[in-house]
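Submitted below is the structure of interest, expressed as structure tokens.
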Amino acid sequence: MAIMSTPTTFRPVLERIAEEIERTPGSGRPADYIPALAARDPRRFGMAVAEPDGTVYGVGDWREPFSAQSITKVFTLALDLAREGDALWEHVGREPSGNPFNSLVQLEYENGIPRNPFINAGALVVTDRLHTRTGDAAGELLAFLREESGNPDLAHDAEVAASEAAHGDRNAALAHFMASYGNIDNPVPVLLDQYFRQCSVAASCADLALATGFLARHGIRADGSRLLSRSRAKQINAVMLTCGTYDAAGDFAHRVGLPGKSGVGGGIIAVVPGHCTLCVWSPGLDERGNSVAGVAALDRFTTLTGLSVF
Amino acid sequence: MAIMSTPTTFRPVLERIAEEIERTPGSGRPADYIPALAARDPRRFGMAVAEPDGTVYGVGDWREPFSAQSITKVFTLALDLAREGDALWEHVGREPSGNPFNSLVQLEYENGIPRNPFINAGALVVTDRLHTRTGDAAGELLAFLREESGNPDLAHDAEVAASEAAHGDRNAALAHFMASYGNIDNPVPVLLDQYFRQCSVAASCADLALATGFLARHGIRADGSRLLSRSRAKQINAVMLTCGTYDAAGDFAHRVGLPGKSGVGGGIIAVVPGHCTLCVWSPGLDERGNSVAGVAALDRFTTLTGLSVF
Amino acid sequence: MAIMSTPTTFRPVLERIAEEIERTPGSGRPADYIPALAARDPRRFGMAVAEPDGTVYGVGDWREPFSAQSITKVFTLALDLAREGDALWEHVGREPSGNPFNSLVQLEYENGIPRNPFINAGALVVTDRLHTRTGDAAGELLAFLREESGNPDLAHDAEVAASEAAHGDRNAALAHFMASYGNIDNPVPVLLDQYFRQCSVAASCADLALATGFLARHGIRADGSRLLSRSRAKQINAVMLTCGTYDAAGDFAHRVGLPGKSGVGGGIIAVVPGHCTLCVWSPGLDERGNSVAGVAALDRFTTLTGLSVF
Amino acid sequence: MAIMSTPTTFRPVLERIAEEIERTPGSGRPADYIPALAARDPRRFGMAVAEPDGTVYGVGDWREPFSAQSITKVFTLALDLAREGDALWEHVGREPSGNPFNSLVQLEYENGIPRNPFINAGALVVTDRLHTRTGDAAGELLAFLREESGNPDLAHDAEVAASEAAHGDRNAALAHFMASYGNIDNPVPVLLDQYFRQCSVAASCADLALATGFLARHGIRADGSRLLSRSRAKQINAVMLTCGTYDAAGDFAHRVGLPGKSGVGGGIIAVVPGHCTLCVWSPGLDERGNSVAGVAALDRFTTLTGLSVF
């Protein structure tokens, strides 16, 4: 990896990106499947960088909480892997799906084993297993995010969770479908409640960049304790790179070249292993569900800094 | 990227890997769809590392020529991208396919645009376009491989090419199918001849590790001239990481963590950007078409050296 | 239609068929997804013929109640069509599916509109719509079957319904999935309760042959009143012929040549338009879910009598 | 089957239908994938009825030759079944496909065995097998059509065949694809030549209604000899009903209620078993490839006469 700028020079890079984004507002639209998300202004933009030592800084709305949504799938995966290890991989794969994030097609051809932990079906399996092991998957996730971000005010957004539940037929279909193959342990309504609460966490770019730090630190948490082995932290980065941005993972790897995970709230986290973590937020999404300004900002970041895993 | 060993210490690492592979011979079987491949002894094993300056060394059968097959798709992609640039991406995608390498299903749902350049359909499109631009795609490839490897004796294997053609109905189906969508320029028989000759190149681990060097050198050829921009070289690494090992790209990224490309002849090339390139060969394949001992050796290499893009 | 035997000679035909079936017991196995069905002896066999005037006679276990299951889909379709007419066809198609009865794949490609009313997804839609129009779909069905069969003792089997519900994840997935496309009116739990009760009706060959009579009488009920227009009765026969036996409709048309509908309880109803209706029962199923002895008996019936729509 | 009008009263029925069709010209468009078909006036309309004794009469352009196209698949099937019998069904199924006529998707999931003889893949298999048995499939078909229609001038249309070949990539893909599964005997170019010539036959409504007569006569040819057993003739009618009108077989059965087979030249043949055969022609097609006025005319015919298999 060629490093053209040291971390301490990231600040001007962020400022330059923010200016560029402001000059050319993106064309994306906020997710509209639930009212709580649709109401956000698509021109909002924030970006934060967290260094391994916990330093964090940013530009724009980097301290504004937004709905983390699918970004939480990374943390749930880490928390479950830390508990059950490779046994998880018998219940969910780690291959790109080549299909939209909420498709049932592949699930049927592959007998109820989701392709990877970052499509909805896979995240439901991971949440189910974490819930079996902890008795409170959504609570476990929240505690982890609070500790890693150092922000004790992080919380589930009850309105968003309720809205998700009210529009949750597709996820209910996925959960019942996998249950019909014996790949779900908990009652479907219990699982869905956990899943919707988990996705509803509201957090800022600063919070999420910090919370992702363990992936830049090869598995070490903010307090210095080890969550995952070095090898397992690398594996999560690999799954993020190949499967982290819905059906656009190849394009994201091509443009950005970093492990990343997006959410329909407009956020994207990314990892420069060994160096730093990033979180960018802007609610306007492209047709594949990724933040338009968010991808553009990360693209600029890797171009300007020369940082990329390739 | 944490580097636990400098390049000059790779030699003992290779020796240790070779010993381990010898002690635990893999369970894979050679490709058997054409006789020329089926005849190889699955226990053969070779591995080479090439440094950016052209130094190359290896273990086992690292100087033994084998059928490069799909590994050539990387070079054809580079040669065409060098000529037509991003216009190529209107004719082939860069997303993982989530389907076997020779599937027609996705191609139908997506109107004749293959998912990426490393499934057969995509490589047919790239070869077709390179042929239109050069008048001799297979010849262009061979010249490139000779120059980069410094081995003027590299050649197409006429017997293998003829054998491929005799068992080429599936590729003929793919080519005609895409032609029906207007995504093929040359007559299908001309294209197939080019494609089968291209795949038939016989080369050793040493040859292919050297020929891949431009991807470790960020686009610079062996003679110091630039083939691709830094950005485009990174993009090829990204496509290799997300799509390079058939329907096992996620698993390969997870275990090995390097951009790689496999072929049914049992070879795999891999790139440590900025540091070195590798080629490993062993004819026994797993059910997804990747060399069993080859993947194991690369897995050990990244574990022992700590080299990985994550 | 060439009629080689008049209805009054059907009796010896049935006896001959029963003898043949007894001599060569089929190889099928009872449905085993719920215990209540799995317990049935696969060698049981009954067959009944009902003439348009209400005369009914049979052989073997023709008065033994069995679980009607998917056979009820025909009656629910008729009851809903009688109420809402062609508007139904905007919510469910009438094309063969080319897929197993409980597949979600096609449903996704076709945006939540099931292929036909006889796959589970389609029957859920029809039940949902009948329930909206009557407030009690399962009760409406039961009342109809009692009146047409003249058997006031017909009833839902609460144990079977409960067992279906306990193993109902696949149907729950289908219902939620269609609800996500806006193609379900009632709350999914309400719909599933109606659906499972409807399928659980226990009836004999005699009961079901009589209840099917309106299709041989071109839409006229047992009491002489008109349920459906002549044209609509023909249309139901057409849907039965093209879609009535799961993924084996072509084979059934080819062998038997009559509109028919099978259930996983081992029953099959069939219609000779203008002449008679049949019901055959034997619990051993083939791999596509149709009664082995049932199909064989109907095949013999059309061969021996020359009756067939072709 | 209720017969409301005797055959001798069909003439006024045809005249009434022709008047209605003329008053409400359809909205369909001619097939445009080859110029020879695209040039036809979509308002042309002809319809003929042939009685089992060889009497034929019609209305409109019933003596105008048009391109028979897929209608020939019925005759090729009959000719091959007459030769090899049920062994054919190991190489082609008899189930509705649930997919467009030229789809490769299902073929891949089902290992190169086409769903039925009336989709292109299935017709290629039947032609291949007939060619192996006769040495001249297209010639055998032409001889049969001449004899049954009594029209010695029937001929292949070389221009249409050449045009099909020039736009034949999709069929070439299907043939190579099945060859890759070992389900094609002859070299693909030989097969395609036979197939395109076969489809190119130009014939009139009168010719095709007469040539279809063996299906109304339960297997007996025009000269009184037997082509197929009664049972096998019924089976072809069954396959026509379930699979004869591309992906609209259910709808055709529902509206028309007769075994039928359409072609993209705008023709449709239909069978009233034991009574008569029909052929209607009008070049304007609906989006599923069936003649708009043709389906409407057959719909009116069965409504006005009460003839239908249901």
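The first chain written gets the first letter, and so on, giving A, B, C and D; residue counts start at 1 in each chain.
Here, contacts are C-beta pairs under 8 Å (C-beta built on N, C-alpha and C of every residue); 3 or more make two chains touch, one makes a residue touch a chain.
Here the structure is a predicted model, which means the values were calculated and not measured.
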{"item": "Chain whose average C-alpha position is farthest from chain D's own", "value": "A"}
{"item": "Cα-centroid distance, chain B relative to chain C, in whole angstrom", "value": "55"}
{"item": "Length of the line joining the C-alpha centres of chain A and chain C, rounded to whole Å", "value": "48"}
{"item": "Centre-of-Cα separation between chain D and chain C, whole angstrom", "value": "32"}
{"item": "Every chain pair in contact, whichever chains are involved", "value": "A-B, A-C, B-D, C-D"}
{"item": "Residues of chain C that touch chain A when the two form their complex", "value": "103-105, 108-109, 169-170, 172-177, 179-180, 188"}
{"item": "Parts of chain B lying in touch with chain A, wherever the complex brings them together", "value": "1-2, 93-99, 106, 115-116, 218, 231, 233-235, 237-239, 241-243, 247-251, 253-254, 257, 259, 273-274, 303, 308-310"}
